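Every chain is named by a letter (A, B, C and D) in the order it is written, and numbering of its residues begins at 1.
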């Protein structure tokens, strides 16, 4: 692992966050949420800082980070694409949509395209089952997506 | 406490109501098998995650099976520990565990000592019905410990030891589900973690997931090299436990047989770390007295309490966690590391053996010693003062390898001069022993009086943190003792906060002291074994003609002939060390 | 302003459509035009009324007359009598409970509605971001009532009498749970709202939080009063940003109005709430795992006892209830235990919210009284199966539940009946499947979920579910042997019997219930290497019909794995060993020569 | 905001609000305004409810229609999102499904202004407990 340099300004922001939680180790998950929203992901260097701020072991922080699927240690693409694989979406063909995304973007789930534009992930139910199958690009929800519609969605962000 | 009556396997039993089914069953001779469950009674150590599900039993009226290790008894409970349903479930669960475990028993370092292997045998597993993916991970070899966590069964004992008992925080459960495993942060190497190499994780691991780095092959090679003079030193705790490896009762002292075996293995000189322990007392005891006298005279620059520094796990711990207190511990090297330069610079020179032609091997109850002897500050032009450190277990293995029938060996004596020792050195193996040895000497040197009774009973025992006030001729000396790093942390935090009342503190990283070290024969959670070893050590002390370090004639001779005086220039150079701030340690390469 | 006087609403739901509602609409529209009524009367198609067994339905507005089982030929009579003469057509009227004589005059607005909204009473009604709308709808009156008029014991008594059971899935009596927590003595207690709705295909709790956040806050305060806690924590999925946002607004407003905080309503009762976030771990729906997660730890469950009521959040007695459970509580306090207990079945009182999804027409959030049948839910409220396909199964209880089939359609839904039928209530996901869904693949889908969500602490769940999944994969790929089916069943039972927490204790349910109900499908996969639903890819075969193939080589050139061989102008053949079933050949073939076996 | 000090105060406040807001109840006051509720739960927003709500606000302003537009939670008709409910003075509330921007305009033209219904009406198929 090569060391990456974390932005001083963001680090300062993170330390403020920890302080706002009284540097209480019980708030680790809240702190990780905030950290991920500041940095976009949770690189090892960042976890070391958090461990120090909350006075817990780095192993503990890493243990928590790897337990929860919401936390990620790899930077997401500029437009993170998430395909819902909840039951409602599954029975309405979400797998085929996922397959099409893999084909179009030429990446696997959990990967980011070489140009850093897109990353692909799966999630379980955003609760928009009425629109199944559902795809999220960033915060935007696309409902009733068919494999044919995949190219159009990607194209929307490719310009 | 209220008593409840229940029935287990048709037998009535009456126990206190907060008893687990497992313990209740034990009282009437029913041994429910367990795997993740682990307990060191009297030391407040218990691992009860209820995770392996091997100990499940049927409780009449309950929907599902109950884990005996973590289900309390209840009034009129009817328990069946070996119904068809239980046996099927228990075997299936074990088959599942085995289906995600490499079937490498023949070549596994833990073969013969593995609790999973024993369980498979006990439950009569004869085939592996479940095939499928196995969870595999990167192997990791650190200076002392090998992690092969493909063999991890998630019993969580190591995690409990590393965090709850030792508060080291090198290990944590990581990932989730099938890929869940215990690992350092980022699944990086232990070497990059705050691991102290105390080895307690290894000593409780039921399988071959955590084992020590084996140096016995290096030792065999050295012994076979005619150009080398191979010198061995044996730590005090080894003689009280080595016999266990050869079927002898725990607490059997095998000092003489051990010496005989080492000689048969081909070591040129069989010396004793006990000698170096006596030397440690001279240096550390003098340092204590020096600091104490200056402190009493009002010298503001003096730091008290003084902390013992014999234990390398403990040294690693404070380098990682208390770098701000680095001037508090004694600067005296550990006995292993005092022995090295004395062997090479004094004994070797005396015999005209060139440094590069002398190999010093240590036999230790400890895994941190493997790391300690590789530290750069203990090398001269790259040549370590102590070349290899073997654990008690590795020595047993070496003896077996050399076809030596250990139990029929005659008792033999250590070689001189570095084999002579006192009772004070022997008790270094037990928690409280180092400080007791130091006090025997410090008292006599400080007061100028002879001790009427050399045993300081108030310093003995297995309580996690102990303290005692000794009367040094009207001067009350407050002594603190902690074994287990979690307990040490508590004392250190008091020191950091300026609240510590102690003049001197002894710390040993392992529960029970070196007798419970990470390199000792596996006790499998039987704390009685540790108690027997401790008793044996005190017997060794009591049987010695000389019981105070400063009376060891060879030590006196050493100072006269070579070192000069304790804390002198030569001592400073050869027998004292300094510490490093490792708190900034990072997993990420620069 | 209002020009049209009469509206005729014609049900356009699938089942009404199937019985000629389209013709009815056309007839009505034609008649309106012919009679020159088109400036006053309008006939229009609507969505499903949810009374499909009484369809086709025509509803007259504004007088709310409800005509059932209308035939196209009835249209003239309706126009003539009802519109022109102002007389209702008695023979088509929905009778309901009214007597025959009074039928014309009764104000009956149609069949009794299948849904009753208690937990969802404010959803879609009030602006969730405005506390005043909640207050206008009796908001915080229940809290006011318990604080000023009732002791905690008396309130717990009401809860017990109401028969409310935990809506998170377990169905533990809520009042009893409160009583147990109340009985524990401690300097600090907590009440927790479990909003970690993780069942894939369930969104009941999200809807409540997004539509009526105050009801949860009010109920938590009541819970705090009853159990002796002055702190509440809402544990919510981070995947629900809108619900979080609305909760935060609600909490802020409640504090401003003095309905949270110190000395609530001048009664001296203090209570406040904070939010903790989940981070994507289904197992955290389990109480002990949830509590560990709130403490900043890995969300691993621990052996119970001790129960959270003795030792929960930060080691203090903690009462955990789920969102929907809370949403019922103010209504129970306001309207009384007897009222609530009058709804539902003997052992399951009140209503249940379901997220109806899958192959069903009216995907949606519904709240129905306990005791309603699956048939009513699926074929009336849900409007039947999508695209006119055949119902095959409905999955309730998410990954912990099971498949219910045709034979269970008339079983009244309640906690105990669903368990008896081999499934469970769960949190309320209800996924409808049709003949295109392979039951083995569905079981595999759920197991994949469980494998991903297992925390890894206990061996049966960590390894057992993985092995179950692998065996199911073998079945769907056609590699399994009969012996595997026995292994599958035995392993399922052992996992249920030995797992540490609810996740593992229920995870084999989809396997067992699909084996119980659709064993023939398993047999077909194993014995005949056939998937009747056509959804198991490995068992599909693309075959070239030599009759139709002209040997144009287009398919061979488009096959990504070179699995197609054949000379130009001669029939081609697909090598089944090489074929990866991508379907590219079939897509390209211009001669319909390639078919799926 | 002054804190509510007692249950009596809360009840008093409720009475005032009930009249002021006529929340969710059929309007009997023919002079009062038209109420448009837009279901704005996750599904609704994902299907474009926010944009639909904006259209209503803009159009009502542009055309000087005395109406109030507000957001509310899930109405339960996930299959027909975005959904809105319109209560015209003296009329029962009517729920419209599949409301896109075009349809929103049509609803205003037809129903709001001319009392003419448009396709996609969803009959309310549940009862909500009485709050009196």
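Following the convention adopted for this analysis, a residue touches a chain if its C-beta (ideal position, glycine included) is under 8 Å from a C-beta of that chain, and two chains touch if they have at least 3 such contacts.
Since the model is a prediction, treat every value here as computed from it, not as a measurement.
*Asks:* Applying the document's contact definition, name the chain pair with more C-beta pairs in contact, B-C or A-B.
*Replies:* Comparing B-C with A-B, the pair joined by more C-beta contacts is B-C.
*Asks:* Please list the single chain whose C-alpha centre lies closest to the global protein C-alpha centre.
*Replies:* When every chain is reduced to its C-alpha mean, the one closest to the whole-protein mean is A.
*Asks:* So, what's the distance in Å between the C-alpha centres of chain C and chain B?
*Replies:* 57
*Asks:* Suppose each chain is reduced to the average of its Cα coordinates; what separation in Å results between chain A and chain B?
*Replies:* Roughly 43 Å, centre to centre.
*Asks:* From the C-alpha centre of chain C to that of chain D, how far is it in Å?
*Replies:* The answer is 25 Å.
*Asks:* In whole angstrom, how far does the Cα centroid of chain A sit from the Cα centroid of chain D?
*Replies:* Chain A and chain D have C-alpha centres separated by 36 Å.
*Asks:* Give the residues of chain C that touch two or more other chains, as numbers and ranges in rising order.
*Replies:* Residue numbers touching two or more other chains: 203, 206-207, 240, 281, 298, 300, 357, 363-364, 452, 455.
*Asks:* Return the residues of chain B touching two or more other chains; collapse runs of consecutive numbers into ranges.
*Replies:* 173, 175-176
*Asks:* Where does chain A touch two or more other chains at once, residue-wise?
*Replies:* Within chain A, the residues that touch at least two other chains are 63, 67, 69, 126-130.
*Asks:* Which of the chains are touching one another, listed as pairs?
*Replies:* Chain pairs that touch: A-B, A-C, A-D, B-C, C-D.
*Asks:* So in the complex, which bits of chain C are touching chain A?
*Replies:* 197-203, 206-207, 238-241, 276-282, 293-300, 314, 355, 357-359, 363-364, 395, 398, 429, 431, 433, 437, 442, 445-446, 449, 452, 455
*Asks:* Which residues, counting only chain D, touch chain A once they are in their complex?
*Replies:* 42-43, 45-47, 77-79, 81
*Asks:* Contact residues on chain A for chain D in the complex?
*Replies:* So the residues of chain A in touch with chain D come to 126-131, 134, 141-143.
*Asks:* Please name which positions on chain A make contact with chain C in the complex.
*Replies:* 24-30, 32-33, 63-64, 67-71, 85-92, 123-130, 132, 139
*Asks:* Can you tell me which positions in chain B touch chain A when the two form their complex?
*Replies:* 163, 168-176, 183-186, 188, 193-194, 586-590
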